[in-house]
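After this come two complexes, each holding subunit A, first together with subunit B and then together with subunit C.
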Partner chain A sequence: MVDVQVTNISKSYGQERQNAVDQVSFSVSKGELFGLIGPDGCGKTSLFRILTTLLLPDSGTASVNGFDIVKDFREIRRRVGYMPGKFSLYPDLTVEENLHFFATLFDTTIKANYDLIKDIYVQIAPFKDRRAGKLSGGMKQKLALCCALIHRPTVLFLDEPTTGVDTVSRKEFWEMLKLLKGEGITILVSTPYMDEATLCERIALIQKGTIMSIDTPDQIIHQFPKKIYAVMARNMGALLADLRSIQHISSCNAFGQYHHITFQDEDVRTPRKLIEELEYRGHVDMEITLIDPTIEDCFINLMDRHGN
Partner chain B sequence: MRTLMFLLQKEFRQIFRNAMILRMIIAMPIIQLLIMPMAADFEIKNITISIVDHDRSSYSQKLVNKIIASGYFRLNDYSSSFHESFGEFQNDNSDLILEIPLNFEKDLVRENSSDLFIAVNAINGTKASVGSSYLGRIISDYNSDIRLQRSEPQQMTASHLIEITTLNWFNPFLNYPFFMVPGILVVLVTMVGAFMCALNIVKEKEVGTIEQINVTPIKKYIFILGKLIPFWLIGIFIFSIGLFIIARFVYGIIPMGSVIVLYSFLGIYLIALLGIGLIISTYSNTQQQAMSLAFFCMMIFLLMSGLFTPIESMPEWAKVIAKCNPVTYFIEVMRMVVLKGSGFSDLIWQFLIICGMAVFFNTWAIVNYKKTS
Partner chain C sequence: MNQFLLFVRKEFYHVFRDPKTLLLLFGMPIAQIILFGFALTNEIKNSTIVIADYANDIASHQIIEKLAASNNFEIQNQNLSHVEIEGAFKKGDIKLAIVFPANFNNDLLHTNNAQVQIIADASDPNTANTLTNYASTIIKDYQRELTGNIMAPLQINTNVRMIYNPELKGVFNFVPGVMALVLLLVCVLMTSVSIVREKESGTMEVLLVSPFNPILVIISKAVPYFFLSIINLTVILVLSTTLMGMPINGSIGLLYFESSLLILCALSLGLLISNSTDSQQAAMLISLMGMLLPVMMFTGFMFPLENMPTGLQLFANIVPSKWYYIAVKSIMIKGLGLSEIWRETLILAGMTAVLLTISNRKFKIRLS
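And now, the complex of A and B:
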């Protein structure tokens, strides 16, 4: 069963009429954990705002829970939970008051849905009398998630929930999402972090308002067209420059302590030849290994292809 | 209905938690009402005067004494050269020069007439006109004194003297605070309506909480009502502190007319003002923008309201602006009810206008609110 259906949605802002969201279509089934992956400014937030009825699209249609986002916006608001990228609860109300306030707006009580938020709420419960503005970043996220869940939404929209959150809290956050998935809630999450993509069931890679690819993370990695190698040498800076100057290397990008490269031809002897050539250019302590591509490799590859 | 109650509860909780706003609500009416009416006194005292006396006779001496004894004037210098006094005048040490010519007494006695010369420093227009009219009055008073003195008793009946007695109605002692306090009360209420309400709504925009509110099924009008009602109540609260505590116990002002009429007008007036606050909030995205816009409106409202300068003496175009200003009507109603004891039947016109304004501003706000969201 399809829970979120997006068909040819476009939205542009300002005078330059550049599309923030350009002919986007996808669908999310019930109970799925769907990720929108893309850099800042690629249109993730606009898309979320359209789906949560905060923004009207210029063209295209979309439905959430079977309700049209324009016509039945009131029904949708009753059913979805939205957590904006920016912390937007009342900083001058306490944790408990915020939660109570949002429960009342949805005409429900904390008690009625406590089982849903219990696992998250117990972590912030010791601070329930603290003002929301005085919480740490991770705590704020948890509270925001509680507030978005308090009315037992069927679809949950999380706009960059892990941006600006430390590694431990990020991990915890994804654990919580898995728990929620178990409750049968459809979750749409956007993130600029490629490493989080593999935590989703299906992902859409977005760049400049258009979707480049939609599939499971495994499939997207599987579809990577070439063999990819990780190269290391003592002088990484010079290595990058040299790799980029070599003709038969089709792509070369810096990834942490390695450079990821792909070749024009897929001959097994090519890596050896490369090592020889680099040794000739004076590089030492070299290492080259065949690796599995990451989502980031896929993203860059797709981006280059779309750019051309 | 339950949601609205809850919104109000949340709103009041936030207001009472904001120490700054709370202090403003309590302290602002008290301080403003204590300071402004006391300081802004239009009765002009301490006008400095230079007297150039070429005559130095007993008559001229008498005139000088009379002027100084009036209490309005402070003698800056007493010289016998106009030139010298004019120097003082140019240095801004004196506001007026009175020149008494040579043979002042002689001419008066012999020819029954003499001239005096007055020069006025007109930089401060009010001071100049008030000063010269005071001086004129003292001189004419002096004039009738000497006429009486010099005329024979049998001629007394023949001399036609018109004596003017003024009776000040509605404010018999020309007590300045009586005039100012009702006006300042209006200003206070206006500040709460236009400023605080606009800032509060814009704050939700700035912090982003309005996003979170907008995705809930809550209806827009309930949300707006939840914002307006607290400030409507606060406005009435501030007004009551001002009227029943400060005005009564500090200035001894007890409204002559019906308090019910005052409060009904206040209620409608606040609705109109909250509409303006709402308009400001729909046009601004940050509290800073809202603040600047509200400040701009406030300045025009205050200066064009007849609080300080009477509307009747404004030029025609300014009168039109003043007539479009809701503050004008409330100040008018306040002064009429508090000082004159006017009742509802005298104020129908003002009531109609303020109702119209309430409808107009709120419609504008709602139309614009819909457009932006």
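And now, the complex of A and C:
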């Protein structure tokens, strides 16, 4: 069963009518954890606002829970949970008051749905009398998630829930999403962090308002058209410059400790030849390994292809 | 209903947990009533004057005594010569000089035509005017006492009686004006800022994606400010009756009813402002600048509306505080009832209805 259906949605802003969302189509099945992956300003937030009935699309249609986002917006608002990218609770109310407020807003009680948020709420329960504005970033996100879940939504929209949150809290947050998936809640989550993509069941890679690819993370990685190598040497800065100057290397990007490269036409001897050439240019302590591409490699690859 | 009450409670939390809001809400009215009541009156008290008394006889002495007894004047020097007067003015510490010529009493009794010269510092024309009026009144008073027994031929006595406010107290004018100003400003500012704050902080986004009727969000915001304004009004009334001797001759219930109407009108105006702006600063600026000046100018308590050009007089009709001011003055000072101020009441109610309808129409159920 399809919970979210998006067909050719477009939305543009401002005088230049630049498309924030351009002819986007996808669908999300019930109980699926679906990720929208893309950099800042690629249209994720606009898309979320359209699906949560906060914005009207310029063209195209979409439905959530089988309800049309324009016609049946009241029905959708009753059913979905939405957590905006910006912290959107009342900083001058305490943790408990916030939760109570949102429960009552949806005409329910904390008690009625406590089992759903229990695993999350116990982590912030020790601070229940603290004002929400005084919580740490990770705590704020947990509270916001509790508030978005308190009415047991059928579809949960999380707009960049892990932006500005420390690594440990990010990890915990994704653990929680997995638990929620077990409850049968359909989750749409957006993130600019490529490493989080593999935690979703299916992902859409978005750039400049258009979807470049939709598939499971494994499939997207599998579809990477070339072999990819990680190269390392003592002087990484000079190495990057040299790699980029070499003709038969088709792409070269810095990835933390390594540079990831692909070759234009490659055979078994190509990596060996590269090492020789680099040695000739004076690099030492070199290392070159064949690796599995990451989502980020795929994203950059797709982006280059779309750009041209 | 449960939801609505919770919403109202949440709004009260917002107010009581923010010291700045509290200060603005209760500090501003108290400061204003005290400022306008005590400091900024158009009565002139204790002006220093000098006297050049060349007569030095019984009549001049009696008039000087009367001048000294009045609390409008404080005599700095009685024995100046007329050449020293200009010097005293130039030093700037006196406002008025009175010169009695020699043989003042003789002239008065025998020729029936004595002259007194009053010299005023007209660099501030209003003060000069008022002070010369005060002085002439005192001198005429003395003359009347003298001629009281003797029947002068064909004398017309104008007998002026100031009703409702016999002492011509400025406070009577200012208190209703300040009430209008405070209620209107505080309510417009508070509602517009508190709604825009929800937009700015993003909580409006979350509120919209809920089954709660957005109109109720707005109404629940108005409820606390309505109550707080009523408390405010009570504080102003208590202060002005106890400290300034302001009477409430009419019905207190009617006074609160008219005030409630103005508060509702202000709340809907605040709502309208919040609909058309997205930042707290803009809301605050529009509320303050857009309200303060028109309310000060066109309510009638600072500048008489009758003296304004027709265009401005017409404009004053759309300023709600003008009608409230008329109604409140009628109730508090003249002690009139609803039957005499139904017109003002109806206009205020009409304005509220129109503003509410417009802001309800303009209310956005989506983000843009």
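List of remarks:
By our rule, the second predicted complex is superposed on the first by the 308 of 308 C-alpha atoms of A that agree within 3 Å, B and C clash if a C-alpha of one lies under 4 Å from a C-alpha of the other, contacts with A are read in each partner's own complex, and residues count from 1 in each chain.
Quick note on the criterion: a contact is a pair of C-beta atoms (placed from the backbone, for glycine too) under 8 Å apart; a residue touches a chain by one contact, two chains touch by 3 or more.
Quick caveat: nothing in here was measured; it's all calculated off a predicted structure.
Once the complexes are laid over each other on subunit A, subunit B and subunit C cannot both fit and instead clash.
Looking at the shared chain after the overlay, A:Arg78 reaches both subunit B and subunit C. In the superposed model, A:Gly137 makes contact with neither subunit B nor subunit C. Using the contact criterion defined above for the overlaid structures, shared-chain residue A:Gly41 touches neither subunit B nor subunit C, since it reaches no partner. Within the superposed three-chain model, A:Leu89 lies in touch with subunit B and with subunit C [touch as defined at top]. In the superposition on chain A, contact of A:Thr104 is made with both subunit B and subunit C. In the superposition on chain A, A:Thr53 makes contact with both subunit B and subunit C. When the two complexes are laid over each other on chain A, subunit A has residues 52-54, 74, 77-78, 80, 82, 84, 86-93, 97, 101-102, 104-107, 147 in contact with both subunit B and subunit C. The part of subunit A that touches subunit B in the complex is made up of residues 52-54, 74, 77-78, 80, 82, 84, 86-93, 97, 101-102, 104-107, 147. Across the complex, subunit C meets subunit A through its residues 2-3, 6, 10, 13-14, 17-18, 201-203, 205-212, 365-368. Subunit A contributes residues 49, 52-56, 73-74, 77-78, 80, 82, 84, 86-93, 97, 100-102, 104-107, 147-148 to its touches with subunit C in the complex.
Chain contact summary for the complex, subunit B toward subunit A: residues 2-3, 6, 10, 13-14, 17-18, 207-218.
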